[in-house]
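Pasting the structures here.
Each of the next two complexes has chain A plus one other chain: chain B in the first, chain C in the second.
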Partner chain A sequence: MSAATPALGQPGSRPDSTEQVGTPAAEEVVPAPADRREPGDVLLEVRDLRVSIPTAAGPVHAADGVTLTLRQGEVLGVVGETGSGKSVTCRALLGLRPTPRTEVSGTVAYPGLGVDDITGLPPRRLRRLWGRHVAMIPQNPMTSLDPVRRIGDQVAEALGDTVHGAAARRERVIELLRQVGLPAPERRLDAFPHQFSGGMLQRTLIAIAIAQNPAMLVADEPTTALDVLIQDQILGLLLSLQRDLGTSLVLVSHDLSVVSQVCDRVAVMYAGQVVELADTATLLSSPRHPYTRALIGALPGAVARDEPLRVIPGAPPPLVGLGPTCRFAARCELHEAACDEWPTELLPVGAPAGSPSPFRPALRLVSHQSRCRRAPDLATADAAPPTTPKDQGEQR
Partner chain B sequence: MTALATELAATMRTPLLETRGLSKHYALQRSTRAWLRREPGEVLRAVDDVSLAVLPGRTLGVVGETGSGKSTLGRLVLRLERPSAGQVLLDGQDVASGGGAMSHRLRRDVQVVLQDPYTSLNPHETVGGALAEVLKVTGSVPAAGRPARVAELLDQVGFPSGWAGRKPGQLSGGGRQRVSIARALAVGPRLLVADEPVSALDVSVQAQVLNLFQRLQSELGLAYLFITHDLAVLERIADDVAVLYLGKVVEQGPAEALFASPAHPYTQALLAAAPKLGRRRSTTSAVAGELPNPITPPSGCTFHPRCPAAMAVCREVVPLTTTTATGQRVACHLYPGSTPGTEPPVRPPSTPASGAAAVSHPAPSPGGTR
Partner chain C sequence: MRNLGLSWTRLANLVPVLFGITLVSFVLIRLVPGDPATQILGNRYTPEAAEQIRSSLGLNDSILTQYGIFLRSVFSGSFGESYQYHRPVGEILLDRVGPSLLLVAVTAVLCTLISLPLGVLAAVRRGGALDQGTRVFFTLGYALPAFLIGIVLILVFGLKLGWFPIGGYGTGLGGHLYHLVLPAVTLAIPFSTVLVRSLRASTITVLESDFVTIARLKGISAWSVLARHVLRNAIAPVAVVFGVNLAFLVGGTVVIENVFSIPGMGSLLVGAVATRDYPVVQAVSLVLAVFVLAVNVLTDVVHRLLDPRLAVAVTR
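Moving on to the complex of A and B:
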């Protein structure tokens, strides 16, 4: 586990996370649809994505230098707390901005689709991408459908011009709804959204998202509004669709447990930045950023009942006027004076790249990356749990 | 000192709060046509024959999905709703029978922490003002002593006392929840009904608030009726757990036994479905199907349409509550003694259900009116 961490004050070159492309092995990923979908090929490449929203207090940098790649057939989790920029980042992958005056810089490219950069594209051009190549599953199923239009019509609209003829479209809609596990879909076409439960609405929204068999799905907290048994069903459904269709999936969630169950790789976001990126097993077994370690330690099941839970003292910084140094420093238990001098950058730390993913051998691991200056120290500290904050960590 | 008090109370084992056969049925509005035809109206059985007990200084966790009746149960205990049947007992006394003095006592002894800290505080009132108002209304502290008591309360919940002049809009979710807890503590209650108190909070803040709940319990000897949908939180905080499904308790017992060997198939499904860190999931799910319409619940055991272990009898007969070998009270035909008219358990249960009062059995009646 050699960590290639550069000297203080001069971050090394940005790790090229696109270097290894997994051998397109014959795997269970079922028939390649319209576009060439080989598991392992780079589908999406995000470089230095910055999204800043103008406010009275100055520009809010909701995403600040996000660099990510997503391979065909991969499930990438994006985890972060409220205000970490995870939703803004993931919407930016589709070219969506929170407000019209929001400034977006950096590149969001889809090499797998032959699209160079979508950040500057007008909505007219983006619409060619949406639905057909990339689609989104929104967070709140209760408010995401038109309340006065019938379910069947709303799903049919999502077919675009892929299916012609009323009968054929109806057939396809029924097939889609059956695919997402809606019981008796032929009897539900004329229903209105208010007649559906939350789980049924989320299934409908997933049907809409996969209607044109897109290469990538972005699911923004798809199960947060649902009960645990329905959440379980929807996560199972997303995974089975992802396997059957070979779709890539970006799963945004505040819940590390959910993400760790489903995703091949996880990006942990804090204050608008990806602070750690690793394949799921590596991230859980040897996190190399103090924030990730703290997040894992704060889960209700992390320590014995008679011990207080480890908490993260303080609150995340406001996303206005932040410098290049570590944003977690004020809350970090490993913080040193030198941390305030060091511009952070997502750099490789150990974890040999190119080894097969334990979950799906067709995918190769990208190197484990962390923004922490002291990431190598964390490698040795893996065995020892972090110290409990002095005051039971009950600051506001 | 407080540890001793807790221990004393636990040895006495008198439930601080008990519900006996507590039910809340809402009559739904009838259509004019149904009214003219004198058809009986539909009834929503939000809480149906629930018998639970909270011991002093202990935490009873109530878990259930949306529509399971867990919040209604909390409201019944607080007497924000009048029960359709059954009783709520405070120290063994029926709260409905005691008149004004009793309801006064209930307000002092039982307080509430609500789910959403963003809507449960007056946005125009400062933190200190909100707390002082409680002290003023209850008349427990004279005007001169209020600022000191407010500071003490804020200190108790780990809220910076210099922030007493702030308004809720200037606080984070965790900060607001602390204020809500301080407000509940202001009258010196013995039981807090906490309805999803950490569900709206981020993981790291949730950990802070859970720690606070546990610290207050050990310092003040508080008992909690902790209502949540989150099993991980309950496993952390509850001493006893009751699992609600469609208004009925399907299983209850000591938390340790219930999490180690869940008896009811519904509890098993909940535990299987709860996301666990790093447990790689498959594409299959714990149970199929959705919560049925609570107005027309399934016959027999209401869980039978979704139950992986359903038998013929489950469709017909409402299961009685019986005790398992591991000490849970469970209403499921898989366990001997739960099917009416069959042999009672051959061996008497080895361990009595801790803190669980005897559950009166519902008469096997058709579930719900059509």
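Moving on to the complex of A and C:
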């Protein structure tokens, strides 16, 4: 995939980024001028984020102590199975809650935007952030556009007050739609969403997301609902826009192979927690959590053609009433009795922090972190023989 | 025509329906026991006089001949001559249709004014005081029969407080409207219940939909999201409920017109059934049926105007 080409987006050269966001009033909660967009600056800082959704069976902890940072211009992958809490977590980064009664605690700060914490903010104040600084690309493009409003109007609505005058707005909408590769956009402004294909809808939604050139995009499984052929196009588009605009991107996916191709760093989520966080190359070559290792082992390319695909036995636990100990224990091949006594914590392991990103050398990466008690054992395991997936299989 | 989402076939389908209605109204009133001649003669009844009246009204002709005569009278617009009033039914209808239509119209407007804000606000502030309050009030209003609500309203606002007239129709449009306040409120309470509940439900569904989240994430105001994206999507399904219930409302006016002594088609119908005034009963049933059909067609048009997906399905 072309997106993996390094250095194309030397994120120093973004001429239009400052003038785009230079007009907010002084009393606003979100002081936009702080958005300087220096590559490598910390844009987003999440600490101990907990999202609990009340249900009849008790509170569901969809996110349970998530801590991570996102730098300007970085692509962070969030992988996990269905029900691992990745979607809820990433929506919480935007201040979205799955239900009005959901409780959110911890901090979600945007130091790059001068915002200390958005977890307690009402939608009225989050609005200053939305569209202008952060935006989302949804999982299901078919249901994400208003069926009774015209495409052009829906994109124009996302312009905020960046463009004035009907003609100028129309021009900008056409330009945005062209930018996302919608063919003949000037003839499609009056179309309704039901006249568009899934791919065209997702392109439109990407146009809406980048309309005000936000600092961060959250793409929540942006290709899951699309045809396989379209999936690559949309992902490629998303990444080339990300490079050109210098936007940070949080890419949620259940597909480790997709994430590993395009992300600078990957957070692996399991049962509402980040179990391992590392830059992509490190994560793939020396995973420090058995779940990550199992995921890599389960990739279709990990086994020879004539061998059956490897699966992880069992299923993730329901996100209700889980304790502080390891949540992967029941499915883990390295599980020992001591694991059941040990409250897990995301701790630094392996390579030192500050190594350059494999895709964008300008980015310095934070440390490799794992929640596994036996992470050091995993280090010695992959230090001994070269870790081809086949070897991993034999260790089991 | 097409812009309204109507096709000629859709309208052509109404013709056999109308024929069916003439047949049903013709047959049904004749199935009711009793005899127009007996009603007309009262205590002057003798078998010979009754027989003479029956033959002069054409009731001794074969049922097919009678139906033919009725059909011809429908096409001529006279609808035959009333046994009771000795005038062409068409003329009587012209006097009576206005009050009924005005009552239905006032009720429909009242319902819209009541249920639109209440339904949407109850959904936006789900579980709040307004939501709970409207639920209790309208459930109560729905559970009580309309005539009972009417009588309570007459007692309180008509007799006790003296704010509104307790019956009649007044003169001039202002007078008509003034006299229609209590009957319209009486009809609007149960009708609004259905509308508030379905609008609340559809608004909640729309509020939880993905496109509303995306609209919010554009950073536009909550009011804009509601006005531009939520309202129209929430109203479209309720428009259908509104149409269906408006048709029922037409039936509801029959009772209410009698409670409030409004000289409309409802009170005409009740009197005509009592006296077995066949031509009047047939004509009123037909007019009410045409009205219900018209409401249905209008509902379709409104629904298509609200939802572009339906409009396209017709034009293609």
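Simple rule for what comes next: the second predicted complex is superposed on the first by the 345 of 396 C-alpha atoms of A that agree within 3 Å, B and C clash if a C-alpha of one lies under 4 Å from a C-alpha of the other, contacts with A are read in each partner's own complex, and residues count from 1 in each chain.
Here, a residue touches a chain if its C-beta (ideal position, glycine included) is under 8 Å from a C-beta of that chain, and two chains touch if they have at least 3 such contacts.
Since the structure is predicted, the reported quantities are computational estimates derived from the model, not experimental observations.
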Partners on chain A (chain B, chain C) - clash or fit: fit
Touching partner for A:130 - first (chain B), second (chain C), both, neither: second
Which superposed partner A:195 touches (first chain B, second chain C, both, neither): second
Contacts of A:239 with chain B and chain C, given as first, second, both or neither: first
Which of chain B and chain C A:145 touches, first, second, both or neither: second
Touching partner for A:96 - first (chain B), second (chain C), both, neither: second
Which of chain B and chain C A:229 touches, first, second, both or neither: first
Which partner, chain B or chain C, touches more chain A residues: B
Partner chain in contact with A:309 - chain B first, chain C second, else both or neither: first
Shortest CA-CA distance in Å separating chain B from chain C in the superposed model: 7
Complex contacts: residues of chain A adjacent to chain B: 81-82, 197-200, 227-233, 235-237, 239-240, 243, 254-258, 260-262, 280-281, 284, 294-296, 298-301, 305, 308-312, 315, 359, 392-396
Touching residues (chain side chain B, partner chain A) in the complex: 65-66, 158-160, 163, 171-175, 178, 202-204, 206-208, 210-212, 214-215, 229-233, 235-237, 269-270, 272-288, 290-291
Touching residues on chain A, where the partner in the complex is chain C: 94, 96, 100, 123-124, 127-132, 134-136, 138, 140, 143-149, 154, 157-158, 160, 192, 194-195, 205, 208, 211-212
Chain C residues touching chain A - in the complex, by the definition given at the top: 126, 209-211, 213-222, 224, 228-229, 232-233, 236, 306-309, 312
